[in-house]
Each structure stands twice: as C-alpha cells, then as structure tokens.
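Same chain, two partners: chain A is paired with chain B first, then with chain C.
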Partner chain A sequence: MKAVRIFLKIIYVAMPLTIVMAFLWAPPAALLGDASRILYFHVPIAWVSFLAFVVSGILSILHLSGVKKQNGGLDEKAYHSAAIGFTFTIMTVITGSIWARISWGTFWNWDPRETSIVIILLIYIAYFSLQGALTDNEKRGRIGSTYLILAMVTLPFFVFLVPRLYPSLHPDPIINADKKIYLDDHMKLTLIVGILSFSILYCYLFDLMNRILVIRKKIEEYRETSN
Partner chain B sequence: MKRAIKIITLCALITFTIFWQTMSPGRPSRSCCTIAVPGLSVFAQETVTPSQVALPDMGRTAESSTVLYQVMAVVLVIWLGLGLFLFLIDRRITRLEQSMPDKQGNGSK
Partner chain C sequence: MVRDIIRNLRKDFRVEFRSRFALNVSIAFAVITTTALSLAAGGVPFSPRVQSMLLWLIIFFSAMNGLSHIFVREEDQGTSLFLRITASADSIFASKLIYNLAFMAIVLCVVTPLFMFFMQVTVRDAVYFAGSVAGGGLSIAASTTIMAAMVAKAGGKGSLFTIISFPVLLPVLWLSILSTASSIESAGHADYGTLIFLLAFSGFITAISFLLFRYVWQD
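Up next is the complex of A and B:
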C-alpha cells in the first residue's frame, strides 16, 4: 500500500507534464486552432468522471454482496468515488461549454452528448440528496449502494449509446465505427498522458478521502471505547 | 513573454501568500503583505512602449503564441496551488495516521 501511495505522488510531475505537452508540444488542430488544446483536459476529465462512477458502482456491488473491509465501509468509499465523479462531471460541463462557445458560438446547444451529461448530473444529484435525507447508517448504505448500481447501469446508455444514435455536433467519438483514432501522433500521446495523469489524480484524491474516512472511524471507535 | 513572466510571478506570489497564511494562521498578516506588495508592484512598474501601443502586422502569430504562453502559465500556477494544497493535506493526514493509536492502543505519539 505504501508503494502505491508513493507511486500516486507521481501526479506532482505528471500533471505539469500534461500541461506543458498540451500547450507547447502538441500541434494545434487543423480547423480549430489553439482552442483545440482544451481537448487534452476535457476528454481526460470526462473519462475520470466515468471511471469514478463505475468504481462507485463496483464498490456498491461489493458492499451489497457482503464483502467487508477493515476500517471503513465500502458504501462510504462508493460515496467518495461518486463525489469525485460528480465534481469531474461539472468540470467536464465547464470545459465543454468553453469549447462549444469557441467552436459553435454558444455555450450550450442541447447536443445529445450535452443532454446526456445533464441527465447523468441529475441522477447523481438525486443520489446525494438521498444520502443526505437518510440518517440511519446501515439503511443509507444499502439504499445508496442500490441506487449507485442502478445509476452505473444507465451510464453506458448515456455515454456511449445516445451520442451514436442521434446526430451530434461533437466530433466522432474516439472509439468510432472504424476503430481508429484520427489524431496526429503528438496529439495522441498528449491525450494518453492526459488521461493517465487525470486517472492518477482521481486515485490520489480517492486515496486521500479514504484515509480521512479511516481516521474518522478510528476516532469514533476511540470515543465509543472511552465512554 | 515579459508579460507572461509577470503573470507567473504575480500568481505564484498570491498562491504562496495564501498558503503562508494557511500554514501560520496565528501570525500577523503583515508577513503576507511583505510578499503580496512586491507582487503587485510587478504590475505597477509596467510602462507602455511605442511597440506595445501599435502591434506590428506580422505580430499576429507571435501574439497568439504569447497568449498561449500566458494561458499555460496561468494553468501551471493554478496546478501549483492545487498541488501544494493536496501535498499539505497529504502531509497532515500522514501525521494524523502516525499519531493515531492502533487496535492494541500502541503507536500514539
């Protein structure tokens, strides 16, 4: 675990590297110009939000299936992952809107992908409201985990299916019908480095939140035993 | 390029000022001023030269390149602030973990 934590510290180098690569090393896109550089942040952020939601769903499955871990419930870890995913989804909307303003002239177009992300946001807002409304820890864990699994099931539909079913202003998805990535080699490498960096950032944040959870649990245990 | 350097300097000083205050909340804010004031004075020293008033025609590419450097600098400084914030949280959590007693009640400092 210590080795993993040391590895996660690579983020302090990886993120500046991504920024420098995105602005200086990667060439601008043919028609979009320098504005296209937002791609190296928008796509990785969107990827991390998807990853975080999937992790929260998997942790919820593990929680409901009875797998127990020392120090801290899996339902709470799932909550943390969903919280990170939610934050990154908002960041995806912000970066996407800026890009839309530059490319299409308006911040919001109700494009299928934009509509999908709004629905995903609403689904997870409902989850946080639900978590806030329930006071009993066990009940909250069970109901919240069930909800997160259902939310995860809807994700492929909104992320992969809807943008392919309806005509979209967005460029071809990276995983397209030809199964090819239409990007310059430098751009491709920068995008990969960006995706890796943001994934490490997600792992780092998730680890920090879980460590705080463990400390909180220990304090609670200590209070209970001292009383 | 000069402008980019000034922006980097200012943003870095502001970031460090905020963290200086975060790390030492008990100290008077005079120390913050001693850092922030020189930072602001970087912009106060700016003078407009004739070349800045009228940009040359061929300067369009150079101008966009300068803007690119500026944007990169701002993004880097934002990351510097966030990275420092994460690092400090990580360090505090590690300290707390080390000071927490284990199940047998050992390890508390």
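Up next is the complex of A and C:
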C-alpha cells in the first residue's frame, strides 16, 4: 500500500507536465486554433468520471457479495468514487460547454451527448438523495450499493448508445467506429499523457478520501472508548 | 414459488381494493391535471409532439403517486417482517412486479381515453399508439418496482421515489413521447423498433432488479 502511495506522488510531476504539453508543446488544431487545447482536459476529465462510476459499481457488487475490507466498508469507498465521478462529470459539462460555445456558438443545445451527461448527473444526484434519506449505516450501504449497480448498468446506454443512435454535432469520440484516433502525433501523445495524469489524479483523490474515512473512524472509536 | 406469488398477489389486491387509496390518488391526480390543462388551453389544439409530452407527463406523475405504495404500505403497517419470514425475496419481487403492472394497466386505461377526450387527440395509427402507451407503461412499472422497495426502506420519504426513478425512466419517457407523437401525427410510419427497445429495456431492468432485490429486501 505504501508503494502505491509513493507511486501516486507522480501526480505532482504528471499534472504540471500535462499542462505544459497542452499549452506549449502540442500544436493548435487546424480549424479551432488554440481553443482546441481544451481537448486535453475535457476528454481526460470525461474519462475519469466514467472510470469513477464503473469503480463505484464494481465496489458495490463486491460489497453486496460479502467481501469484507479492513478500515472502512466497500460501500463507503463506492460512495467516494461516485462523489469523485460526480465532481468530474460537472467539470466535463463545464469544459464541454466552453468548447461548445467556441465551436457551435452556444453553451448548451441539447445535443445527444449533452442530454446523456445530464441524465447521468441526475442519476447520481438521485443516488446522493437516496443516501441522505437512509439513516441506518448498514441499510445505507446495502441500498446505496444496489442503486449504484443499477446506475452502472444503465451507463453504457447513455455513454455509448444514445450518442451513436442520434445525429450529434459532437466530434467523433476517441473510441470511434473506425477505432482510430484522428490526431497529430504530438496531440495524440499530449492526450494520452493527459488521460494518464487525470487517472492518477483520480486514484490519488480516491486514496485520500479513503484515508480520511479511516482517520474519522479511528476518532469515533477513540471517542466511544473514552466515554 | 408460484403458490407464494399467487398468495401474495391475492393479499395485495385484497388490501388495495379494500381502501383503493393508491389507485384513487393516481386516478384523481390524472383527472385533475388533464381537466386543468384542457381548461387552461381553452379548446386551442396542441401539436402532436406537445400532446404526447403532456400525456406522458400525466402518466408519469400519476404512476409516481401510486407505484411505491405497494412497498411503503408493508413498511408502514409493519407487515414487511412477516412477509420476509413467510415468503422468499424472489416470490415477493415477482408478486409486487405483477401487481405494479396491473396497477399501471388500470391507470393507463383511465388516463389515456380521458386525455384523448379532453385534449382532442386524433390518433392516425391506433395500433401503434396503443403499443406505445402499453410499452411505455410496462417499462415504467417494471423499472420502478425495485425503486419502490428502496424508498420504502428509506421511510417512504415524500418525493424521493420520483427523484430516484426519474433518471432511470428518462430513456423510456423519451422514446415513449417520440413514438406516441409519431402515432398521433401520421399513419403507416410505425417504428416498431422503439417498442422492441422499450420491451428489451423493461426485460433488462427487471432481470437486474430480480437479482438485486434480495439485498434491498432482507435486513
């Protein structure tokens, strides 16, 4: 675990490197110019939100299947992952809207991809509302995990199916029909570094939240024993 | 298991039709909103898309008023513990699902003709229209059964059922609105792919719900 935490310190190098590569090293796109540089943040952030939701779903499956973990339940870890995913989804919407304003002239126009992301946001808002309504910890873990699994199985429909079924102004996704990335080599490398950096950032934040949870539990235990 | 399902269904129908609380609330809501809309419109006809949107909004909120009742009632009356002891989670889920499907069918049978009468809806493709309404209603009932169980465990708090069901039901509502509008607008352009999708979505959500229900139900 210590080795993983030391590895996660790479984020202090990877994130500045991504910023430098995105703004100084990668060339601007032919038509969009410097505005295209938002790609190196928008795509990795969107990827991290998807990753975080999938991780929260997998942790929920493990929680319901009875896997026990020391220092904090898997349901709480799933909650943390969903919270990170939710934050990154909001950031995806913000960066996407800025990009939409530059290339389409409006911040929002209910494009199928925009519609999908709003539905995903609503699903996770519903999850947090449900968690808030459940007072018993054990019940919260079980029912919250069930909802997260339901949310995870509907994700492919919104992320992959809807944007491909309906005509969209959104540029071809990275995982497109031809399975090729149509980018200059410098741009491609910058994007890959961006995706890796943001993935490490996700792991870093996830680890940090789980460590805070452990500390909080230890404080609670200490209070209980001292009373 | 079949015997358990039939026994639970018989009990649920008896208890519900003794008071008819959920059904009365759902139908009263549908009648009030439809007449209010018609009154506000003052005889001005809406476009097929708007008619379809309004019909599905009324169906959705009418359903939301009653579909959670089947589980919330068990928790309120303290009978859920007895039910947990006497029947398996699978048979309870199956019976509650069938009950919700029947409940939805009754709501649809009341709401749809009422809406068509008050909002002056002329349907061009009746078979496609009936298929769209039935397919959408079936999907709503199938998808919300497990949500109802979750809300009941959370104490059946206010509008929580609508909040947690709405995002999962959005694709169903979206496609139902499109197919219903298409059936009102023009004959001979039926897209049965949409109906197949609605059935597939219901089947998929029902299968996942069936697998997950025991974790929600058992304490």
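We adopt the following convention: the second predicted complex is superposed on the first by the 226 of 227 C-alpha atoms of A that agree within 3 Å, B and C clash if a C-alpha of one lies under 4 Å from a C-alpha of the other, contacts with A are read in each partner's own complex, and residues count from 1 in each chain.
The rule is simple: a contact is a pair of C-beta atoms (placed from the backbone, for glycine too) under 8 Å apart; a residue touches a chain by one contact, two chains touch by 3 or more.
As the structure is a prediction and not an experimental result, all values here were calculated from the model.
Novice: After the overlay on chain A, what do you see for chain B versus chain C, clash or fit?
Specialist: fit
Novice: Could you tell me if A:I94 is touching chain B, chain C, both of them or neither one (first, second, both, neither)?
Specialist: In the superposed model, A:I94 contacts neither chain B nor chain C.
Novice: Using C-alpha centres in the superposed arrangement, which angle lies between chain B and chain C as seen from chain A, in steps of 10 degrees?
Specialist: 140
Novice: Should A:I149 be classified as contacting the first partner (chain B), the second (chain C), both, or neither?
Specialist: second
Novice: Specify the partner with more touching residues on chain A, choosing between chain B and chain C.
Specialist: C
Novice: In the overlay, answer first, second, both or neither for which of chain B and chain C A:R211 touches.
Specialist: Once the two structures are laid over each other on A, A:R211 reaches chain B alone.
Novice: Minimum Cα separation, chain B versus chain C, post-superposition (Å)?
Specialist: Across the overlay, chain B reaches chain C at a minimum of 29 Å between C-alpha atoms.
Novice: In their complex, what parts of chain A are in touch with chain C?
Specialist: Going through chain A, the ones touching chain C are 64, 119, 122-123, 125-127, 129-130, 133-134, 139, 142-143, 145-147, 149-151, 153-154, 157-158, 162.
Novice: Okay, in this complex, where on chain C does chain A touch?
Specialist: Where chain C meets chain A, its residues are 146, 150, 153-155, 157, 160, 163-164, 166-168, 170-171, 204-205, 208-209, 212, 215-216, 219.
Novice: Which positions of chain A touch chain B when the two form their complex?
Specialist: 11-12, 15-16, 19-20, 23-24, 34, 204-205, 208, 211-212, 214-215, 218, 222
Novice: What residues of chain B sit close enough to touch chain A in their complex?
Specialist: Within the complex, chain B contacts chain A at residues 64, 67-69, 71-72, 75-76, 79, 83, 86-87, 89-90, 93, 96-97, 100-101.
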